[in-house]
Amino acid sequence: METSESIFVVIKKAILGFFHGFLPDWTVVIISILISVTAIVIFGPVTMMFLTWLERKVVGRIQNRYGPNRAGIFGLLQPIADGVKMLTKEDIVPRAADKVTHFLAPVIVVIPALLVFSVLPFGRGMAAVNLNVGLLFFLAVSTMSTIAIFMGSWGSRNKFSLLGGMRAVAQMVSYEIPMVMSVVPVILVTGSLSMVSIVEAQLGGKWFVLTPWGFFGAIVFFLCGVAEVNRTPFDLPEGESEIIAGFHTEYSGMKFALFYMAEFMSAFAIAGLTATLFFGGWDGPLLPSWLWFLVKSYAMIFIMIWFRGTLPRFRIDQLMGFAWKLLLPFALLNIFVAALWQMLPAPKNLIVSGIAEAVILVIVFFASRKDSPKKRTYVFAD
Amino acid sequence: MDVLHNLARLGFFAATLVTLAAAVMVVTLRNIFHCALALILVLLGVAATYISLKAEFFAVIQILLYVGAIMTLVIFAIMLTSRIGDKTVLQNNRQGLMSFSLLALFNAFFIGSVIKTSWHLNPAAMTANVDAGVLGAAFMNEYVFPFEIISVVLIVALVGAIILGRSDQ
Amino acid sequence: MFGFGVLKGMSVTLWNFILSYVYPKKGITTVQYPEQKKEVEERFRNFPFLVYEGAPDNMRCVACDICSKECPPKCIYIIPEKDAQGRVQKKPATFDIDYAICMNCGICEEVCPFDAIFMDHEYELAEYERLSSLLYHKEDLLKPVEHFAKIRPTDYGRIEATRAAKGVKGRAQPVAGAPPKPAETQQSPPATS
Amino acid sequence: MNAIPVSYYVIFSGLLFSIGLYGVLVRRNVIGILMSIELIINAANINLVAFSRYVAAKPETGQIFAAFVIVLAASAAAVGLAIVLSVYRNRRTIYTDEINLLKW
């Protein structure tokens, strides 16, 4: 392969080779781990900074304005200016707050957001850890951010925080189930939980999104992922117009920035996971593999920002109904379609599973519509 | 590579110590919310123990189910049943000393007997690779009946919890 | 049905996004403020200023104190000038307006019988200091009558017409009155004749 | 890597079990008791996995039963917490010594 393809791998090998000359073996292993960790710890915040800029830029363009364009060329230094502002802000802790919990919550919320990057394959041979349970690890670790949100909302001793925390947890628990169910087809077809082998199963343009089950599975997964990271239109936990800022009402300065950072890093992780599971990960022609991964992830991020620029916030019963009545049955039946796809021989499976998918889509849609709440009549309104 | 093994073992010992300390916090702290947080630490430490037993899949399941689901439930229940400022209420009854002494006695005997026992180690099991595939195959072949029973139990628990938790009537 | 409404909404925003790049004239509606500024309307009015004719010494204000009394937040402060014998002259020695207190109501302009105070179009008045920087003195407030003619030509024409009808020719002061005011005479010839 | 002796795991789980039992005996708060029960269940799970790794004929057996235990713990927690909630709704307390309507 050409050098641009595996430039990061080559660099790492060179560094390790340099240290291998005069250090014992075990330190080289530790250095290798440290290099991966450092790469992730740098990559996460840098991505977050870039994402804040991108989000403001794209939302600005959607709303017929420029977005940030003062600090640096195209406003690219805006995140740094924001960071300086955050750092110099006063750090406020409410007097009645549970001090320890209040302090620990923003610290803990960043940990899962960084940990999930360790199993994402950023390119050919560029997963920091090739866990054989990588996908499950991703899902398990990302649930831990729930706990941090709980801690923040409880520790603030604020009713709005508590409401936001309750909403966040109810939403995350609900959306986790269709999310896990929608990745089951991928596991079913590849027969592995390792991210690297999932990407390898899609090499050569056989992306899962091009199959009937993969297409709808990707939609379900992506919607659930957007809900998991509390982004619009699922941003009830921090709905500004309803409950101030939700669980981070009482946080200011760098602690707030940590919450913000965790949110954006998880958003990128979800985008990267969608790209990995359904869009072939780093597979693609011409460009180096890591660039393909970034391109796909940023396409997903763009869709998230596009959602944010377009859609208003869900009502809480619509939110729950969407997860339990539409996404969950659809994700479950999608597993059945994937099994059909896997069982039947090659030309037949496309037709059969496509028809099954369409039938299921219609059935689930009408079944979920049937008992949607009646139009309310307001007795006292007139 | 011996150094690495020793480091790993040191890390494991530290993890068990942290786990035990957190477990003590679970049963002694006054603030029930802090107890729940300590319990999360315990569960993560137990997951680390599973990793040291080369049961990565099970460790991840532990995190996914316990930390993600059960602890969320517990914290939800805490939030619904206690007011924000409660921490002065005495959380323990007066059986502490008696329980402690009896359990200390039990542990003395238990640890003594464990140390004296010579275990019949199975070297094949120690090196075997137990991943998700092996577990899934076992679930679907040998243990399919308990698996079905468990799923029935789970559904019953689900329905029961919904009925018990309903607010009206 | 089937979420087509969502797709429709998303297509609108996507179109906005694309339009802002390919055809910014329509796609972007904002103005890059410090470099470009929007034209203010003629009826726009902000903080008041004092009018002089010709030289700054030849101001229309006679220190009658009416505006100061009418001002709702009481932000105008006037001390009339006195001559050597201590007699009050028809001229302010001190004329201060605290822009930090002024609320742009325009009552001073309405009540002034001598057409000496008008509302300005100036709106970039940010200062680093709250008390002294925003307290505008007579020297800061004085602007020529041509400035008024430039920013509010309609009002200028109307007011000068009535002034000419009443026969007021600015301020009859021997000191600065020698050259007649060109702007005024040009603007209101029919009334004077 | 398996240099850690099996007795270590057994002692660890024994200690965890005792701490959990202490919590069950001592706590007044029902949720505290439920959390202590979770400790006990975890101690049992450690034993299952450790024994299956060291002494069992098949290494996956213990993990499978531990998985069953986790599922049962989850359903126990769900039902238990639902009961706690309904008790709280009726009696406005979750302290075991105050829930004593049947005691006289």
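For clarity, chains are labelled A, B, C and D in written order, and residue numbers in each chain start from 1.
Everything that follows uses one rule, which is that a residue touches a chain if its C-beta (ideal position, glycine included) is under 8 Å from a C-beta of that chain, and two chains touch if they have at least 3 such contacts.
Bear in mind that the values here come from a model prediction, so they are computed numbers and not experimental data.
Asker: Would you identify the chain whose Cα-based centre sits farthest away from the centre of chain D?
Answerer: C
Asker: Where the centre of all protein Cα atoms falls, which chain's Cα centre is nearest to that point?
Answerer: Ranked by how close its C-alpha centre lies to the overall one, first comes A.
Asker: How many Å are there between the centre of chain C and the centre of chain D, using C-alpha atoms for each centre?
Answerer: 79
Asker: Once you find the CA centre of chain A and the CA centre of chain D, what distance in Å lies between them?
Answerer: Centres of chain A and chain D (C-alpha means) sit 33 Å apart.
Asker: Taking the mean of the CA coordinates per chain, how far is chain B from chain C in Å?
Answerer: Centres of chain B and chain C (C-alpha means) sit 75 Å apart.
Asker: Determine the centre-to-centre distance between chain B and chain D, using the mean Cα coordinates as centres, and give it in whole Å.
Answerer: Centres of chain B and chain D (C-alpha means) sit 7 Å apart.
Asker: Using the touch rule from the top of the page, what residues of chain B touch 2 or more other chains?
Answerer: 57, 61, 69, 76
Asker: Name the shape of the chain contact graph, picking from line, ring, star, complete and other.
Answerer: line
Asker: Would you please name all pairs of chains that touch?
Answerer: A-B, A-C, B-D
Asker: Which of the residues in chain A come into contact with chain C in the complex?
Answerer: So the residues of chain A in touch with chain C come to 58, 61-66, 306-307, 309-311, 365.
Asker: Going by the contact rule set out above, which residues of chain B touch chain A in the complex?
Answerer: 1-4, 7, 31, 33-34, 37, 40, 56-57, 60-61, 63-64, 67-69, 71-72, 75-76, 79, 84-85, 131-133
Asker: Residue numbers of chain C touching chain A in their complex, please.
Answerer: Touch list, chain C to chain A: 2, 6, 9-10, 12-14, 16-17, 20-21, 27-30, 32.
Asker: Enumerate the contact residues on chain D facing chain B in the complex.
Answerer: Residues 1-4, 6-7, 9-12, 14-16, 18-23, 25-29, 31-32, 34-36, 38-39, 42, 45-46, 49-50, 52-61, 63-64, 66-68, 70-79, 81-86, 88-89, 94-97 of chain D touch chain B in their complex.
Asker: Please give the residue numbers of chain A that touch chain B in the complex, ascending.
Answerer: It comes out as residues 24-26, 29-30, 96, 98, 100-101, 131-133, 136-137, 139-141, 143-144, 146-147, 150-151, 154, 157, 162, 165-166, 169, 173, 176, 191, 193.
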